[in-house]
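Here come two complexes built around subunit A, the first alongside subunit B, the second alongside subunit C.
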Partner chain A sequence: MTLDVFLQHITNGISLGSLYALIAIGYTMVYGILRLINFAHGDIFMMATYFAFYGVVIFSLPWYFVFVFAIILTGILGIIVEKTAYKTLRDAPKISILISAIGASYLLENLAVVIFGGRPKAFPTPDLFNKVVQVGNISVQRLTFIIPVVTVALLFMLLYLINKTKSGMAMRAVSKDHETARLMGVDVDKTISFTFFIGSMLAAVGGIMWALKFPQIQPLMGVIPGLKCFIAAVIGGIGNVTGAVVGGFILGIGEIMLVALLPSLTGYRDAFAFILLIVILIFKPTGIMGEKISEKV
Partner chain B sequence: MKKRNLILTIISIIVLAIFIFYADSNFDAYQVRILNLCAIYTILGLSMNLINGFTGLFSLGHAGFMAVGAYTTALLTMSLAAKEQNFFMQPLVAPLNSIVWPFLPSLLAGGLMAAFVAYLIGAPALRLKGDYLAIATLGFGEIIRVIFTNTQNITNGALGLKGIPSSTNLWWSFGIAIVTIIVLLSLINSSYGRAFKAIREDEIAAESMGINLFKHKSISFMIGAFFAGVGGGLLGSLLGTIDPLMFRFLLTFNILLIIVLGGMSSVTGTIISAFVITIAQEVLRFLDEPMNFGFAVVQITGLRMVIFSALLMVVVLFYRNGLMGSREFSWDKLIKLFKRNPLVKGGTK
Partner chain C sequence: MMLKIEDLIVSYGGIEALKGVSIEVEEGKIITLVGANGAGKSTTLRSIVGLVKPKSGKIIFEDKNLQNVKTQDLIKMGITLVPEGRRVFPNLSVLENLKLGAFVRKDEANIKSDLEWVYSLFPRLKERTWQLAGTLSGGEQQMLAVGRALMSRPRLMMMDEPSLGLAPLIVKEIFRIIKEVNKKGVTILLIEQNANAALHIADTGYVLETGNIALKGTGKELLSNDDVKKAYLGDSVHL
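Take a look at the complex of A and B:
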């Protein structure tokens, strides 16, 4: 493999990894605050692409306007899912909440099949993202540069939000202990809704960029990325936002490199993430950047 | 008392046998097929309930075990000619391409194979807890499916297997369902069963009472997988054709729906809801077809699945314990229901 080809694969890996990272942040935030795998997150990601698709194709609005609108709409969808599927079960056993999450995920998928139709749709890509740039001997789509930049920018904004603002402090407090946070005057329900809002908006950004990169959308498109991004969050250390981004990059680059270096294993690409997950869970269950949680008796 | 219950149980099994005998000769093919599916889903539901409901291990890899069972059974029972026809891309590997087994040993082999896979998966995965276990077993289920899609010379890859001899009939499916019920009930009421329940309630307390966590979890996982494999084999033989896409997470979800609706730790509940859900899925088929509202004909494809996912949500949100919770059917309770003066044991009331 020449250096150019190698660099080409690395850029592809980084841009795929950035997409994984954006979605993984949503998982990690929700898990940090509710200790819940939000199975519906992948489907929220799917919904975002459909919102953007219909905005551009049916209402033929300019794309920048549509994207912002779709992102906010997806955030609201996240809040709706939280209010209906998770809020009533806050004190229920964990297994009930997890089943409710799976149910919400299936409900969204089936609703998407009914409302949007099961046939794949071609996502319109504005020319701005499509142009191919030549760097030395590597030709890269402009989008491939834009994706990591957007991801890193959003990561810094999110870190600022979590560590420096009042609502971020509330989020951190709720993730430590609901009851104590409530005693300290934090509105727990509002904070949880806010977390879902932010997480879903990030998933929407990821979803729209995903659809720009792989311009074919269908109702089940969120399932596999959803699972993989949860794995990315676990690899990085669940509950840790920076960890989720690191995990996303590891997964994205690893996947592209597996296919590039061992072409005979291409068919096993989707199994790679799961194998990585199991290896991580056995050797370092808290992930790369996760805090150690001791078991209380 | 015990003798009476035993006699009642035997009588009801005989009544069931008469019903099967009647159904076998008088029902049409469609109804027989639904009844077969009911029995198979009972087996699958019970096997998943043993792992998830009674032992409290949240495992989502059931479709993978079913796939292992279904493929093993299919490959062992298929005639040599059918194998020749299926494997035109790459020939089938050595021992499998020259053997044809009868149905029962093949089913058992399918179950044992699934249990063996469960043993291999359990060794790393059962060290995990809660959500992590769920996602790891889900991952293993997917890995099994990906492997089956790629091993062209064993499973015929994405093309799947066609022309599996249809040995499943009402006698097989209901017979195995009854065997499953008897085995599981005796297991649950044995010391192993009590250990499973102790692990479900509190792992740390169970461990400090001297229960070997890993051993008991493995046993539960493997027995569950065994019956899932047998159920998968029956299903493959009933449908006559299998392919890896059949064993997606959706299948696990269907079985999860059955055990949640029936009650997470109730054998009776699982049996009832396996029948209710399988029949309801057929009855609600009209939802996917064009509906005439008088003023317009509407066809909404996929509405049936929306209803089903909504149903699961409603059950989880409002009836968290399902139909039966952890209660079981017993003759004593049934008879008490019909007696005029119910007497509490000891007869004080």
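Take a look at the complex of A and C:
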């Protein structure tokens, strides 16, 4: 493999990894605050692509306007899922909420089939993203550069929100102790909804960029990316936002490099994520950046 | 009367933890509720802040029934709780924990001066401003929990077993602070197993026994009461 080919693959890996990272953040945030795996997250990602698709195709509005609108709408969808499927079960046993999450996932998938139809749709990609750029001997789609830049920018914004703002402080407090946060005057329900809003919006950004990169959307498109990004979150250490991004990159780059270096294993591309998950769970169950604060009594 | 609890009954799945408890907390005083493990002390506090739903009875704070007030709104009314086991946020720095105490306040200038006050009460916390609360010792965490509660500028500060699991020297320090805070006009409702320490600083004390108020009196009276001595102060134990 020449250096150029290698760089080409790495660029693709980073780009795919960025998309995984954006979705993985949503899993990790919700887990952090509710100790719940939001199985509907991959489907929220799928819904975002349909919102954007209809905005562009049916209402033929300018793409940037549609994207912003679709992102906000997806955030609201996240809140609706939280309020209906999870909030009503807040005091129920963990297993009930888990089942409810799986139910919410199936509901969204089937709603999409009913409303949008099961046949794949071609996602319109504005020329701006499609143009091929030549850097040295590698030629890449502009989008391949845009995706990581957007991801990193959003990650920094998110880290600022979580670590430097009052709402972020409330989120961190709620993630450790709902009851005491309440005693401090924190509106725990609002904080949880806000977390879903942010996580779903990030999934929407990931979804739209995903659809620009792989311009075919269908109701079950969120299932495999959803599972993989959950794995990315676990690899990075679930509950840790930076970890989710690291996990996303490891998964994205690893997957692309596997196929590039060992083309005979192409069929096992999706299995790579699960093998990695098993290895991590055996050797470092808390993930790469898992919580390690010692709590003294 | 600042806080009035009338005939409070709480049951956990058929077992009555409180069987009609009545307590009065006078503004500006230190009131203590002592009793053994399982007497219902924590349950009383948790009912006041709405973390436990009473079966019957009234909890009146300044003529307002607390029954329908949400836990998160109490702090705006001037009520704060230093919970049992400190419950500081281990993933937040000392400063952030203190800021969280002032979460609902908007008067930035006063928050700053209150922070200075808390730091002067607990110089140890100032040294550890940027440290994560989870890395503090038990005593420091208790100081932080008290400091965090003070950051809300409470008028009524309730404390659940602040001495639990702490070295005697630190317990002494915490009780000195409680008195100092009280002198600033903050009413204290203190729940303690360490009856001796609590009754020494209390204006009024209640002895809680298996869900009932067994005795009520001034701190001094209860300290010299033979039953209290026998049951809680350990004076009668001669081996």
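Here is the rule we use: the second predicted complex is superposed on the first by the 291 of 297 C-alpha atoms of A that agree within 3 Å, B and C clash if a C-alpha of one lies under 4 Å from a C-alpha of the other, contacts with A are read in each partner's own complex, and residues count from 1 in each chain.
We adopt the following convention: a residue touches a chain if its C-beta (ideal position, glycine included) is under 8 Å from a C-beta of that chain, and two chains touch if they have at least 3 such contacts.
Just so you know, these numbers come straight off a predicted model, no measurement behind them.
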Which of subunit B and subunit C A:V186 touches, first, second, both or neither: second
Dominant toucher of subunit A (residue count), subunit B or subunit C: B
Partner chain(s) touched by A:A173 [first = subunit B, second = subunit C, both, neither]: second
Touching partner for A:A92 - first (subunit B), second (subunit C), both, neither: first
Which superposed partner A:V30 touches (first subunit B, second subunit C, both, neither): neither
Which of subunit B and subunit C A:V114 touches, first, second, both or neither: first
Residues of subunit A contacting subunit B in one complex and subunit C in the other: 295, 297
Residue ranges of subunit C touching subunit A (in the complex, touch as defined): 49, 51, 70-76, 80-81, 83, 85, 87, 89-92, 96, 99-101, 103-104, 132, 134-138, 141, 148, 152, 165
List of subunit A residues in touch with subunit C within their complex: 166, 169-170, 172-173, 175-177, 179-188, 291, 293-297
Touching residues (chain side subunit A, partner subunit B) in the complex: 35-37, 84-85, 88-89, 92, 94-96, 98-100, 102-104, 106-107, 109-111, 113-114, 118, 223, 227, 230-231, 234, 267-268, 270-271, 273-275, 277-278, 281-282, 285, 295, 297
Residue numbers on subunit B that touch subunit A, as the complex places them: 52, 56, 58, 124-125, 127-128, 130-132, 134-136, 138-140, 142-143, 146-147, 149-150, 204, 249, 253, 256, 260, 264, 300-303, 305-306, 308-310, 312-313, 316-317, 320
